[in-house]
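Scrolling down, you'll hit the structures one after another.
Next, two complexes with chain A in common: one pairs it with chain B, the other with chain C.
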Partner chain A sequence: MIDFSSPRHRHKLGYLLVAPALILMALIIVYPIVMSVDISFQDVKIARIGVDRKPWTFENYEWLFTSAKFYQSLWVTIKLLLVVGGAALAIGFATALLVNQKFKGRALARLLVALPWAVPEVVAVVIWAWMLDSSFGVLNWVLLSSGIVSKPIAFASDPVAAFASICFVMIWKGYPFICIMLLAGLQSIPEEQYQAASVDGANVFQRFLHVTIPNMLPVLGVAFIMTALWVFRDFAIIFVLTEGGPIGSTTSLAIMTFEESFKFFRMGQGSAVGVITLIICALLSRALVSRFAKSVN
Partner chain B sequence: MATIEFNQVGKSYGSVEAIKDFNLFIEDGEFCVFVGPSGCGKSTALKMLAGLEETTNGSIRIGGKDVTDLGPGKRDIAMVFQNYALYPHYSVRKNMGFGLKMRGYPAAEINERVEEAAKILELTPYLDRRPRALSGGQRQRVALGRAIVREPAAFLMDEPLSNLDAKLRVHTRSEIVKLQRRLGVTSVYVTHDQVEALTMADKIVVMKLGVIQQVGSADELFENPCNLFVAGFIGSPGMNFFRGAIQNTDGRVFTTFGGAQVPLPDSLAARAGKEAIFGIRPEHIVMGQGNLQTELSLVESLGTEKILHFQVPAGQTIDNSEFEMDDEEDRDAESMRARIIDDHKYQNGETVNMDFPKSKIHVFDIETHAAIK
Partner chain C sequence: MFNLKKTAISSLVALSTVLGGVASAETLSFVTWQRDDGAYGQWWAEAKAKFEEMHPGVTIDMSQLGRKEYADTMFTMFAGGTPPDIVHLAAFEYQPFADQGWLEPLGPWIEKDGIDLTGWAGQSTCEWKGETYCLMLLYAGFVLAYNEEMIKNAGFDGPPTTYDEYVEIARALTGDSDGDGIVDKYGIGLSTMEPATVMHQMQGFALDSGGNWTRDSKPIFDDPATIDGIRKWKSLMQEGLSPSQARSNDLRQLLIEGHVGMWIDGPWVASILDRASEEMRPKLKLAHSPLSPPLGGTSNILGMSSEISDERKALVWDFIKIVHSEEFQNKFSDYSGSPAPRPGMDYEDNIAANENFALFVEASQRAADAGVDRLPKGLELHNSELSKVVFEEAQRMLANDLDPAEVGATLQKRVEAFE
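Up next, the complex of A and B:
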């Protein structure tokens, strides 16, 4: 019988305890990744387990890198990343600063801020789809009756309006998480730093610039990475609202992966898009993480 | 440089009065220490002076100017915080120059002043490092440097030594005093450590539960404490206390300690028959002579000096609640201590003779705890 409390065997207990989680992760994360990389190098229409595998080929990637659709999807994703990432970060930071103040009903305000995050994504997006409907939507009704627009906006069929509505819903869904993260960051800034800055003669704006921002940079960085990865992989919002249309104006890489794989049943090509998305995400987070890690140390 | 004045300053949090009727005048160039147990309001008083806490009533003047309604940046003060409060993302140079930058000084002058302060504090080799690359003592000096480059009217320091180890604390303590003497800037220093207060201050303000107990020099507080609290708080080891009745027989005024007579000043004759609390400092007990006899319960030898412990006679102890020391260091009210420097080898359990010199006995009212002269 091994005594796991002895220093010699203690690490074995550690391995034993993490083993179930590791095995589970390997099964549901690592194995599918390896499989899609494998599929992306094969000319496969519908992937099946147990049938003879096809020879490896670069065909899917050749198609991908010469396909205008891929570049358009990449461009849509980058636009989404910049608009949603930037706006959600700005709004999230602003609301975090707001609910970090001392005021009556702060607990309730924090709860309300977190609400969009707590609503299941598909449920929230279906509600938004109704609200944005060009004939029956409440948003068009408000815009028309207040005289802001003279005819209803076609949120689903106008490329600009479709993209804007996707951005809007993504920001609405994404900013609470950023707000919660940044709020935790704000609370960890020592009060004395603000007091020292006040004694040093810094006004509110200067305190924000010289104390809040530098202290928050690492948290802002992490929040941005999380948002970026979320924008890259989010599927439900775009799929429910526009299905990637009209004419591909809201087709992100995630939507393209889905379309290639399950709409056109070109799973080899779909996997190639997925693999490229994975590589971009890995590079992006690696670059940002090391950048912000440097700013901490 | 400036005088500092608190006039009837008060601070309440809802119905809780944290500071009551705070009146104090600090001379130009004086080193004033606020001392008291935790929760006595000393830090709150300092923060009100800094403008970081609002006063509920009263007024504060710095250099004769009413600053009660001014923000911290406009009071011309510099503050050193307990945890240094350095900006972790800026170099030592930027940390020290921050106050000047906020006040719009030209870069060349900021640099010149920072270099000069760094020279005084021996920080020149570290100017381009970040605070995290410095030791605790160096960080403390940076915090001091940030204060002195500004050349303010007053320095405020909130327990600046409590994060340092014991040896460094003693060293930095004397450094701060020397620096203050050299610059001659009025300074207010907050500490819970009475040793720091005694060794550093020109003027000590002893506080308890938001009320000033006594203001005076170290010698005044040590020799003439105005009440039981100050008597017990100032001095290490603290003053010994026992209760007893004041008696007057044939013109001789005395009390008893374990049955033996302890002579008291004649001025107490009028209080004969009344109970009182008596105090004697460990340093003032004379061993090896006198009519008081006691058995030593513990002998602590510190090399040259010895701390002798013995019991307060039954029925003459005062309990902690009566003493009002809500303190972290719980007093052992049943034992007394004598601090002796002599060549005698004391043994645990040894019976010794001792004397409480008449002139060194402090007498306190049993109800009000005020000193009876």
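Up next, the complex of A and C:
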């Protein structure tokens, strides 16, 4: 019988307690990743567990790196990352600064800011799909009635409008999370720093630049990384609104992975797209984490 | 202590009894998109009840799945090694499942019971690489659902009978009815959001022009007649005669609400018209499709998983036989209001009871006589990718105002590049 209270064995209890969580994570996260990597190296249309596996080959990656569709999807994802990530961060930060101020109705304002995040994604996107409908949608009705546009905007069939509508809905859905994270960061900045800056004669912009921003950099970094990863993996918004169309203008890497694997039954190629997406996300996270860690130091 | 021991023994006995009961009972899994679909749902429910009555202790667990995510979910179930016992699929999507060896060849079962499927409508589509993998559940010709009041108010005597009349009436029906400067009535409905529906609707116009997607199992997207069909679809969309961003179900809803004047669909559209309000229902009628030959073809199939035990296969086969029986083919016609695939059926009562039944029989015959099938022969394994390619090129044509001949050539090139 091991005495876990003894100094010699105390650390073993820690490992024992953590073990179930680690095993669970290995099963639901690591195992599928290993499976995907394995499938991506097989020339297989439909991969099945426990069935004779095919020999490893680079065919799927050869196809991927010569596929115009892959580069288009990568470009769409980068554009989404820049537009959605940038705008959501800016709006999230602005609203966080706003609801961090003391004013009447602040609790209600905080609730309203968080609302889009609380609505289930698919439900919200279906409502947006109806609002953005080119023939009967309320948005086109408002734009036409007010004379802003002379003919309805084809939000689902015009490539530019479709991309814009995807960005808009993603920003709407994503900024509250950033706002909540940044609000927590803002509340942790010691009030004394602002008071000291005021005593030194710093105006509101200087206080923002020299007190708020440096204190918020780690949180901003984490928020941006999480938004970037969300943009990379988000599927529901694009799938419900445009299914990746028109003409591939909203086909992100996540949509391409799904299409190759589950629409065209080419799981080897789909897994290759997934693996490359994973590598891009890992590199991006690593680079951003290092950068923000350095800035904090 | 004695009580504890007694309780433990009693619990074990009770548990073993319960588990024994569970082990002796059998449940067949059956996934469908039609369980909650009015008439079809009732028909399936009756077939299930009949099976359970004939097989005491065996039940069918019928689950509902949305049509949109149906094929993907079934694919995942099969790939994950947990397929349903009774396999219900669309006629245009079962081929990859059969090709993977996931479906049981039904030939030996048919032979064993001496079932004759000669003349069974659309059954040839169930043949894949020389084997029979399914029972065809419906072969249908498409018809025109229209708003009679809208057409009469526009100054026309009746529904269109040719493509030219169809366009003329569509133009007359499209407009702003409430004077706010925004178009709120559309002559026709054409889906622009679903790849498969876009492909099928475009195919309807290609057929009307004498073309098709394939001929003798070879793609003919660059055939002049097919290009003419693409041109027709493009002009209807460019003229704004249909809502520009809608799915089939949206368009059906707009039809029964009086915002769309004409909609070409399968016989199942009758049950959708029945959902219209009391005020709208008398205005909604059915007629032959103005496109000739009408679009039509095989709809959905029933088969069995090859990865279940022989005992379960025998049970599934019994269920398929119930569906195939004259009794249930009659019930199918009664419930669905459209002809069943079984040959030699007497529809006299159906025709007397349902004003549209004769229309469905005739539409189905017209499509069958012309050898029409929505499923492009020779491209069955690529159907999903094909519909995506057609959808993309249709969108590109509208967005960039491309010449249909150029679109036809691009489609031909892309389809020929399929593996």
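Just so it is clear, the second predicted complex is superposed on the first by the 297 of 297 C-alpha atoms of A that agree within 3 Å, B and C clash if a C-alpha of one lies under 4 Å from a C-alpha of the other, contacts with A are read in each partner's own complex, and residues count from 1 in each chain.
The working rule: contacts are C-beta pairs under 8 Å (C-beta built on N, C-alpha and C of every residue); 3 or more make two chains touch, one makes a residue touch a chain.
Keep in mind the model is a prediction, meaning the values are calculated, not measured.
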Superposed partners chain B and chain C on chain A - clash or fit: fit
Touched partner set for A:R48, first chain B, second chain C, both or neither: second
Inter-centroid angle chain B-chain A-chain C after superposition on A [Cα, multiple of 10°]: 150
Chain B versus chain C as contact partner of A:P190, first or second or both or neither: first
First (chain B), second (chain C), both or neither touched by A:N203: first
Partner chain(s) touched by A:P218 [first = chain B, second = chain C, both, neither]: neither
Contact breadth on chain A, by residue count: chain C or chain B: C
After superposition on chain A, the shortest CA separation from chain B to chain C (Å): 52
Residue ranges of chain A in contact with chain B within the complex: 190, 192-193, 195-203, 206, 210-211, 214-215, 217
Chain A residues touching chain C - in the complex, by the definition given at the top: 46-50, 133-137, 141, 144-145, 152, 154-159, 243, 245-248, 259, 262-265, 267
Chain A-touching residues of chain C, taken from the complex the two chains share: 72, 75-76, 79-81, 96, 100, 180-184, 186, 192-193, 195, 243-246, 254, 259, 382, 384-385, 388, 391-392, 395-396, 398-399
For the chain B and chain A complex, residues of the former touching the latter: 47, 50-52, 71-74, 77-79, 81-83, 85-90, 98-99, 102-103, 146, 150
